[in-house]
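In the two assemblies presented below, chain A is common to both, partnered first by chain B and then by chain C.
Now for the complex of A and B:
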């Protein structure tokens, strides 16, 4: 167990333990006794006792049940044949032992002479649970969590009760509804009540419930309604209503899928755009077939990993070269101490990682340009081979420094999760990539069209010799342009670390897509790259939806691209330039 | 090069050769092949198998070798390139003349190696869970057959009250065949066909030939699939049977978390994620998801404790190049490789020869067992192995908490035929 998680559990336990010390009133004493019996009972008796507990609405019951699902309830055996369920306090003494609190009466466990006993949490038996028992406990907890301060937790609890098909929960939900302050949760309560009412015997109640489910656009009720409509035993009126509701819901799902697909297309397109934009500069504008583009992306992703570790426990590596030099093992290493940050500061590591990824990508690009590419500007095919070699070399470097396995990059908490509008869900990371793409495209566009450097870049890319005659230091401009393109690739890497894995072959997964986007968009055109990536992204998602198979979808896209390039060999936006002729 | 220098080199070369020859004179040596991907996309999983094999050979050699012969491993790199596996297997059998090969991870690589070992009458031990429907006289499968992994997992989920099953996998032979078996198995256990998600492939006559959604190796875009799962699971009691292989799993689980699907709503059972893969995954995103294997590192048995202590000790002392020493985990494919080495050793010793035909005869007799870290494993006449099956739940530290044990499950490669017959008997 990681320290942080165990701290949470201990916190919960101490919370429970504190509550246990409170002066017991008559109701609480009864809850305690039922709880203790429920923990020791088995099978049907356990289920019914848990049902009793769930109706108590007691905070104490909630804490004990929550501890139980986390293996936090222990069994103390005063004699060989008897067991007493206990919670352990979070205060551990020097031997790592803690006092135990009996669940049945709230007292500290003592020996025969009244001395307090202490237990090691690792050796004491835990009250075992399996998945089925946990789901029963969960249901009891759900009834109890209807009063949880967190609206999301309340909603999740409501939905679960709605799916339980147990009519007794209708009363619990109806009791909760007027006290529920959040509209969203009230909607979920309505839906769950209607779902539960489908199980009533009176056809009128059923039909009304179906109508309400239709109004609420309840996707969760789809299976139940389908079963009712198809079942010949259903009363004809009810079956009719169910069939009508099904039609309406299916229309709703189609709408959700339509907007969902557009959003997913935009987000996939943005990923493609972010990945290919750097290549649009180095290949599109400069005409270098840069096979090491993918590795520039990986540089950015690994930068993210390093920054994350610097915010955590530090980053270190040591390499011993596989050969000896004059009889000595040669190696080098690096040991950077970490900040050991926690909380929001740790979560903000990604904001620091983004600019650093750009810098790292740009520096790698600069080095590549100075050492290899500047000798090959007039020999594009040889640059293909040379950069491919560089790509293999860099992959091996990643393996030596970071290991052959993928590394873990944690997503900051503000990139996890999603929000929904009318059942279309928008993942925060996906929304982020769309915004990210917009920002870097705008930035690139401004740099190329609104700055003196951009002017120089464009002039050199249009006609290198002519620009040189006009006194432009083409050598230096090439260097900057290539570094900038590589920096963009680094940015892409920072983002990709949030949606996928980071490993030595990360770049290989994206190099083909990058070239595809740039070629379809029209070599040399940034606008083309933008249009191509968004187009390919959307078409890909639509085909996935229609053909119900990612593989066939992808193949269809590739075949379509082949035909498209037959029709328009120059891509979407053809650049007229002498250097490209 | 001057003549003098040349002379020096010649002497040096002679000295090296001489040293080699004298070493051979002292020890009787038997060559054994290790055929795994040490580079490319599968290297993440397969390098660990090379490491555990080196450990088992060192351990066997320290105990006196096999019939007094020291094992000399010949390591070749399959490089995640399937035809390359066939070439390397040929090289091992025809040039190096190895007595046995331990190797392969993906079923595709095994399918490439199969004709080679059959032609040259070699012997291959295959350690990774696979789809069944194969039984070569030259391959011994210590691997989990579908009946030792996927169907016990389904039994467990049905027992836990799950009613809807979504099938998703990587597009190659193992997930496709496994999902076909699962489809039939679920139908046989009364799960209606509309409760099986992921899509059904039908042939022209409308007969269902396959089920599930598939993505290529290295796929990173799981938005569409996860949104389908979300709609599928909206009505509750659903679960996902995941046969996605390799690092696509990271993208898949990140998307699952982003969509807010928690294991208590809709657990994911992964058949290709073991402790070793979890080392390089964001395990926080996977807490509570399920796994099913014939070994878990968290097994609390004396055999497993001894094994782990020995392995950790070996890691600190060995000096092979490329073996990562830190943050190592042990998982089922590794243990089944290890078991394979010991089963082979036991069979050779019983046969009294390294001859492939003789060793095979002994292995097929059903008398060769090994008390491995995951429990007793016995080679059966059908080249598969009887062993224990465990269901576990992922914890934040990348280990599994064991939820259920199925004792001594028989390894049956031909599940489809039996299922078809039973389904026909039920009139489905």
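Now for the complex of A and C:
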């Protein structure tokens, strides 16, 4: 089993290496040759060569042309009659000279014996430009950014042109539109063309542009349309169309904001849910107020950090205690070598980190239960105090091992970015959190209701003494339940590491909220926890939107919860019981 | 035996009060600075801070130790009292601030050129003092009424009070509340015409704090022995039985909650001029929990315990934060875990825990006639391995 596994790992590693060292394509050599010819050519030939370059979409062409407009392209004469266009490197040596790179093949300029030549920028001829050439180059540059291989860069360039209010770009954009492969960018091009056409003089064209903007639900045109509708100099028909479009757009924006808020609320609710679910187990089912729950979350988040470093350059720390023992400084440290993985394999670290953070949280919970909690099952208020002591202890340990500042946990590339449906953007990480919350809740529910262990857990939580009389080993069940709850906290930490900062006080930011969720939901009820966390998450986001301040929104939520408990003191879903106390 | 221990407690109280109220200020004010017996101005100031914390600890204890309510909002009441007094002290700075304007510096910084209306009455000391009691007391009344009416008790009460404290600290961190935001109030100059930067003023404040602490202690001691106080403790031990005996437990709890809020506020009023500032981190939930630690370490359910705990833990903190700045939280956390696990009665319960051992040791040793020959160390060593099965 083992050799096969390592073979797979090697295979994965070599894939990653291949992806990193992609060979330069043959197209680049052609672009270089065309560029060099364009610089040396004149008149109509130069124009057509530049046109050819502008279609390539090459980054290199962009850089060279940009250098050309700044007089940064030089001519080197190997013989009296021939010239070679070169770029000088930025790094100047002591004599103020630099190496030259040939534009036509990308090699360093050498003398006959192969020694590198160095040039003073002030003594070399520059490739001259005049007004007309510069404007052609500029056009080529604009077209080049529109042909950039990265769709996001293309979209940004299109939006920039659309906002420039210069009519000459309409032609460039229209030329690009049929060749644009990505629908999103095509839409941006349409929008930009319509935006530019607002600047035309013909009112008919303007009105049509306004109609098209309305159809495209262009939020970027809002300011322009507002200015047009308010400007008394606008023709009445145009102003009318603009006002109607404005109304339509505002309705659209409200809709987008509404669904955006719901989505953000759901994702915040999912985070709360994942964070509070562990608490619902330890507090709701076991009656233990674990103030160190937040630190269990931090354990999970730091596990992600450590795993990430193990996939990268390794993880190490060293602590020196501030006192000496028999004249020697006391300290301890750890030095774990890293895999130095790259590319695809490195990006998959998070998949390994998720189960490991569960395990780390569960182990920490196990240790806590064995050393502290098991003495306190009959004294819930005191469990609050002792676990607060544990929380302080652990926070300081985090500070000593990982430093007092936040650590950097990179999101894997497949969690970055977002997709949009009708202008409502859905971040992949948020969608991931929502999906995972569903999985975790289902898993917990199945464990509690469909497994023998779940049956034992529920019996011990309902009546510890009776369960013990029936032969249930309550001590062991307690241990597993607490470890499971803490493991869920560790999982929550893995998710928080993807959407926020990871620092020693990470857990503190969530502890009050998650207690609120459990109390509002009804202690001991998983359904209640789900409803409460989604409800609180959404209400929080809606209030933030309405009150335009996260802090005031949060305070309002807390006060609202206090009043809610007046109405339903036992929370949303109360466990019916005839017992007192 | 109980009679003699009561007498002993009374003597210790009188002695401690005498040392705190008379001896320390005399050593500070009258003994020259070079002398070994001199108590520095810094130390007096520090003790004053400890004693105002002790008042806060008593307020935690009359709720937790005597009524069974673990309130995590006492630091909020403490800071509210402090903030109200701080507003008066800010007004007393006058135009001596950085900007030399007749309004507090932070308001100038926020772009105000006149005093916000709710600040105006705080120029009067009696009003500020009144508000220092009314605001925390009123908040406790409203919150307590809502909470006790819907029978929120036990850990739920703790969690809700924690949420209240959290919400309030978020509120006070905001600049738009016009209460100084992050930095709170600082740079005080005068109180009732006395210069706060002078040693004699600080000494006076220290004596005032010690006297108030003594009065609070005596008052709570008296209350705990009245019939009212006995009902109080009955609620702690079995709320339902009290309820079914016909007592309106909610009213008793509400009264205690408001009283504790006012006591905590008194601590805050005395704390602010001695420390020279107040900011929202004083009302964070951590501070409330820390106050509970003092009580737990000192001994809950006694009135000496909170005082011992507040002074002891804060003295330890002052020492440890200087000697082991990195390890302080670990020390505090460990101390707390150990006390909760192994010493539920706190430090003051140590004598009564050791009493059986002591008695057994006395019983083993020969009476006074042969006492001359016995070696105490040897006798102690002989007593230690003795089995604990002996009935006392």
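Convention: the second predicted complex is superposed on the first by the 432 of 581 C-alpha atoms of A that agree within 3 Å, B and C clash if a C-alpha of one lies under 4 Å from a C-alpha of the other, contacts with A are read in each partner's own complex, and residues count from 1 in each chain.
As a working rule, a residue touches a chain if its C-beta (ideal position, glycine included) is under 8 Å from a C-beta of that chain, and two chains touch if they have at least 3 such contacts.
Owing to the predicted nature of the structure, the values given are computational and were not obtained by experimental measurement.
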Worksheet item: Here chain A is shared; do chain B and chain C fit on it together or clash?
Response: clash
Discussion item. I'd like to know which partner A:372 touches here: chain B for first, chain C for second, both or neither.
Written reply: second
Practice prompt. For A:515, decide between first (touching chain B), second (touching chain C), both and neither.
Written response: second
Item to complete: In the overlay, answer first, second, both or neither for which of chain B and chain C A:47 touches.
Response: neither
Practice prompt. Using the superposition on chain A described above, determine whether A:348 touches chain B (first), chain C (second), both, or neither.
Written response: neither
Item to complete: In the overlay, answer first, second, both or neither for which of chain B and chain C A:381 touches.
Response: second
Practice prompt. Answer with first, second, both or neither: which of chain B and chain C does A:253 touch in the superposed model?
Written response: first
Worksheet item: Which partner does A:268 contact after superposing on A: first (chain B), second (chain C), both, neither?
Response: first
Discussion item. So in the superposed three-chain picture, is A:240 touching just chain B, just chain C, both, or none of them (first/second/both/neither)?
Written reply: neither
Worksheet entry | Residues of chain A touched, compared between chain B and chain C (which is higher) | B
Worksheet item: First (chain B), second (chain C), both or neither: which does A:551 touch?
Response: both
Item to complete: Going by the overlay, flag which of 21-29, 57-65, 111-119 or 237-245 in chain B ends up clashing with chain C.
Response: 111-119
Worksheet item: Once the complexes are superposed, what residues of chain A are shared between the chain B interface and the chain C interface?
Response: 322, 551, 554
Worksheet entry | Complex contact set, residues of chain B against chain A | 39-41, 43-44, 47, 159-161, 164, 171, 194, 199, 213-216, 218-221, 223-225, 227, 230-231, 234-237, 247, 250-251, 254-255, 257-260, 264, 279-284, 321, 324, 395-397, 403-404
Response to the item:
The chain A residues in contact with chain C across the complex are 287, 289, 291, 321-323, 372, 375-376, 379-382, 384-386, 388-397, 399-400, 512, 515-516, 519, 551-552, 554-555, 558-559, 561-563, 565-566, 569, 580-581
Worksheet item: Which of the residues in chain A come into contact with chain B in the complex?
Response: 1-2, 5, 130-132, 134-135, 138, 160, 163, 219-224, 226, 253, 257, 260-261, 264, 267-268, 271, 322, 403-411, 416-418, 425, 427-430, 496, 498-501, 503, 505, 508-509, 540-541, 544-545, 548-551, 554
Worksheet item: Which residues, counting only chain C, touch chain A once they are in their complex?
Response: 70, 143, 146-147, 149-152, 154-156, 158-160, 162-164, 166-167, 170-171, 173-174, 239-240, 285, 289, 292-293, 296, 323-330, 332-337, 340-341, 344
